[in-house]
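Consider the two complexes below, in which chain A is the common component and chain B and chain C are the respective partners.
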Partner chain A sequence: MRAWPILVLALAFSIVIAACAGHDWATPADLLRAIAGAAADLRSRLLVEWRIPRVLAAALVGALLGLGGTVFQGVFRNPLAEPYLLGSAGGAALGATVALLVPLAAPQSFILPVLAFAGAWGATMLVIGISRVSGAVDAAGMLLAGVAVAAILGALRSFLMLALSDETVSLQIVLSWVLGGVQTPSWPVLGLLAVISAACLALTMRLAGRLDLLGLGETMAIAFGLNVNRFVALAVLAGSVVVAAAVAFGGLVAFVGLASPHIARWLVGPLHRPLLPASALVGAIVVTLADAIARAALPPAEIPLGLVTAVAGGPFFILLLARRLRT
Partner chain B sequence: MTAIAADKLVVRRNGALLLDGLSLSLGPTGSVAVIGPNGAGKSTLLKVLAGIDKPTSGTVRIGDRDLASFSNAARAATLGYLPQYFDPHWDLTVAELVRLGAERSHRATAGAIEQATEHFELTTLGQRRWSTLSGGERARVLLATVLVVDPPVLLADEPAASLDIRHRLDVIRTLTRRGGDRLSVVVVHDLDLAFTFFERVIVVDRGRIVADGPAKNLIEDRRIDAAFAVDFDRLKTPDGWLLRAAPHGS
Partner chain C sequence: MPRAPLWAILALAVALQPAAAAPVTVHDAFDRNVTVPAPPQRIVAIFASNVEMLAALGLADRIVGIEAFTRYPPEVLGKPLVGGRLGFSVDEVVAQKPDLVVVTPSRQAANQLIDPMERLGIPIVVLLQRNVEEILSNIRLLARLCGVAERGEELVARLQARLDRVEQRVAGLKPPSVVMITGRLGNGLLLVTRPGTYTGDAIVRAGGRLAFDGGVIAQVSPEAVFNSDPDLLLFAGPEKDMKELIDRPGWSDMRAVKARRAHAVSRVELLIPGPRTIDGIEHLAAIFHPATPSQ
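Showing the complex of A and B:
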């Protein structure tokens, strides 16, 4: 397995590059000095308190997106499946929009992840429910139900943004969040994100063997002892937990959940036990670099991260689609 | 002792009656061919016996237990099922497929994987991906994947239908040889193969069993002609039978 050292080194390299990149470029030596606490100047403090946590948060959000995409592609046995096509990301976005725009008693840093999860879970259950009622619990039925639910949730979110934002609650905040972007976390919040990411990895790894069985096709999966309907419901739930965590910390970042499993499959093959961690690493690398571009490309402005990944990922998606249609 | 006893199986799907009160009993060993025209209910019968599809009514007993009371794992380890078509969604390697098959039973050890790999001549194919295999190689991989846990019952749905004649014979021989000390039930399209290689033949038509018996007795049975709606010429060859079909009444 030559792929693992390459992936780990590439991630480390991406993190260093991203930590150097910004309006004000730093050198690796500056980073070392800042981390060691040798220099007490403002620039070092900014690096340690702003840029480095932001870079690490981007890596973790990317890892979550890679995991979520892998679970959804495994469940739907469709390499074009993506959280954004299945309503779960749209649900998370609606929940987060409510948290950002509706004045609530609880602090926003707490209410936003909770509502994002509730939205992702609710939207996914809605999708499963619709496909159950219409008798199409297969991949195509769920994907179409997901597209419809995503469209409805998107419309609701736009309505909320138009109706609730005024001069006191800036539309800018919501918009930048919807367009995707990792907020700079405090170190304790970053720690929380790390714990959540590790838990998501552990949770999805428990599904790995059964995702492999499902990949043999439903008939063979049942013949090999899998309770397909129950497992699909369980895996979709786990996938929406992962997506909700990613959306809560990174907004709507498109195409990473689609592309990461693909790239990881080229590197480690399609079995899910190696694929899940590999896909998390690829997602981390992709979002770390995309976030660096978002911060450094047009100083002093910042491009929304979701736009960077969409511009890079859109052609990737079209390429995959074209290749699939040809075969 | 009976290995499988099916009692008054009825399967209705979207208003169509696929199995119409079919009852059947199979011993713990033997090679059994299931034949019948298209749409007779052969595949449905096999899936119900394998516990993959649930019957609308009726029961399947495996040994002295109701199949519905089996855990998924126990069912998967007891009843091997070879599907008519198999096309995995991900392009796995031969070794990965056989290992997935083995993981459904804790009886299957590394030794069993190695043995199945050798038995089906897959030793040199281990790292090859499914998409690169020929039809004959795919059939051997599928056999190894299903048989690696050595299930006492094998239910095979025409696994060789699309192969050339040499590979079809290889697969049919593998399945009938298993009938020596296990139960091997195979849906067969090729009637010559059914009557030449199998001990017992069951004729299914319109969701019912219309004829059932030892192959050598059943070959003369005119109910076979009725089920397929043709007239057969039965030609005895030194080592088996040749059935030549002519349209009814010609």
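Showing the complex of A and C:
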């Protein structure tokens, strides 16, 4: 498997590049000095306290999106499935809108990820609940319920945005969150995110064998003794936790959850046991690089991350797809 | 070298050192205590209002960073930009090596900058301006923080005296009801000044009364403006934009428009909460009560 060393090296390389990138470019030597604590100047503190945690958070968010996308594409056996399919994007955006626009007692750096997570997870739970109540517990029923819930949540969010914005609290802050952007966590919070990501990897890896079975088709899966409806609900729940965690720390980052599993599949094949970690690595690489571009391309502004992933990742993905189809 | 003169020099140096060289702590709008070890010499001032207040205190030369929508005063233009429409750059703020950052919680500035600045140990102060009184107290706070407390008191006293003169002039006069349009949205809705804002306060201090006095949301339909039937229609922006608006069908039937009491007013005076807001209040008072002497 020569793909693995390449992926790991590419990720390490991306992280170093991204940590150097900014309006004010650092050299790898600067990074080492800052990490070693040799230099106590403001710039080194900026690198250690701000830029490096942000880069690592971007990598973890990307990894979570890669995992989430793989699970959803596996469950729905549809190459167009993406992690935000079952209302999680709408729910997260609603939660984030409340956090951004409603003056709440808790600090925003805490309440924003919590409400985004609750929204994403809650929306998916609602979708599963609706499809259960209506008896349509199969994948198609869930997709339809997801579309309906997403429409309702989107309308609620738009109403909140109109009702709560004014000259000082502008719609722009909601818009820029919806377009994605990695929060910069403190080191302890970054540790928490790392633990969550590892737990998500372990959780999804437990689904790998059954996702492969499901990939053979529902009839085959049932013949192999898989309770398909039960497993689909379980896998969707697991996938939505992964996605909600990604959304809480990274906003709505377009395209990564869709593209990473495909790129990973070309590298390691369709079996989920290698596919899940490979897709996580691909997602991590893509988001790390995209976040670096977002921070460094148009100083002093920062481009919303989701725009970079879509604009830069889209053509790249099309190119890969075209080459793949030709061979 | 004899000792006594050295002591004398030291004592003299201590005596001449302004009292503000000691650490100063202020309480900001986000309920935070902000301490500067010495009067800041490198200030990143985000938003026009904060720049204007510092400039009015004679501190424009200490400003080392502004954001892209700051247009006044001329001496700060051309200073490094640390943000704009797409948000604010931590990198760029830090690159100016500031010893004070002044922000207002608009456009995500406070949320994007407080956390990193606190982590890096750069003092950052948040100012709010919900009424004219808060503009004055912000000037005092900045003056104290920057070691020019007396200058701040003098400036505030001058501004207060002008406010008092306006108050005396309009006292006892019947306040006209006013709608002030501050913006137009693509879907035809209008942004209007609401109570609980410094612009609303400015209108009241100038002897006016807001026609929308409830807790309306900022966007209203033109129909709501008609129904509120104000004595006076104000438009924050250029004269020609106002003409373009009131030339639309229906507007000419409005009482304020018929009575030629629709006025374009200065955006920078009434929509930037700084010292120039006092100019805006004087100009509004002249519009609201034209019969009274202007001085």
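Going forward, the second predicted complex is superposed on the first by the 268 of 327 C-alpha atoms of A that agree within 3 Å, B and C clash if a C-alpha of one lies under 4 Å from a C-alpha of the other, contacts with A are read in each partner's own complex, and residues count from 1 in each chain.
Definition applied: a residue touches a chain if its C-beta (ideal position, glycine included) is under 8 Å from a C-beta of that chain, and two chains touch if they have at least 3 such contacts.
All values derive from a computational prediction rather than experimental measurement.
Q: So, A:Gln108: does it touch chain B (first), chain C (second), both, or neither?
A: Only chain C; A:Gln108 stays clear of chain B.
Q: In the overlaid three-chain picture, which partner chain does A:Gly22 touch, first (chain B) or second (chain C), both, or neither?
A: second
Q: Counting touched residues of chain A, say whether chain B or chain C comes out ahead.
A: C
Q: In the superposed arrangement, does A:Phe13 touch chain B (first), chain C (second), both or neither?
A: neither
Q: Given the touch rule stated above, what does A:Glu302 touch, chain B (first), chain C (second), both, or neither?
A: second
Q: Touching residues of chain B toward chain A in the complex: what are they?
A: 47, 50-52, 72-73, 75-77, 79-81, 83, 86-93, 96, 100-101, 103-104, 146
Q: Quick check: in the complex, which residue numbers of chain A touch chain C?
A: Result: residues 22-24, 42-43, 45-46, 49-51, 108-109, 162-170, 172-173, 176, 184, 186, 295, 298-304 of chain A touch chain C.
Q: In their shared complex, at which residues does chain A touch chain B?
A: The touching residues are 77-78, 209, 212-213, 215-217, 219-220, 222-227, 265, 269-271.
Q: Quick check: in the complex, which residue numbers of chain C touch chain A?
A: Where chain C meets chain A, its residues are 81-92, 94-95, 97, 104-108, 111, 115-116, 119-122, 182-183, 191, 194, 197, 217-219, 271.
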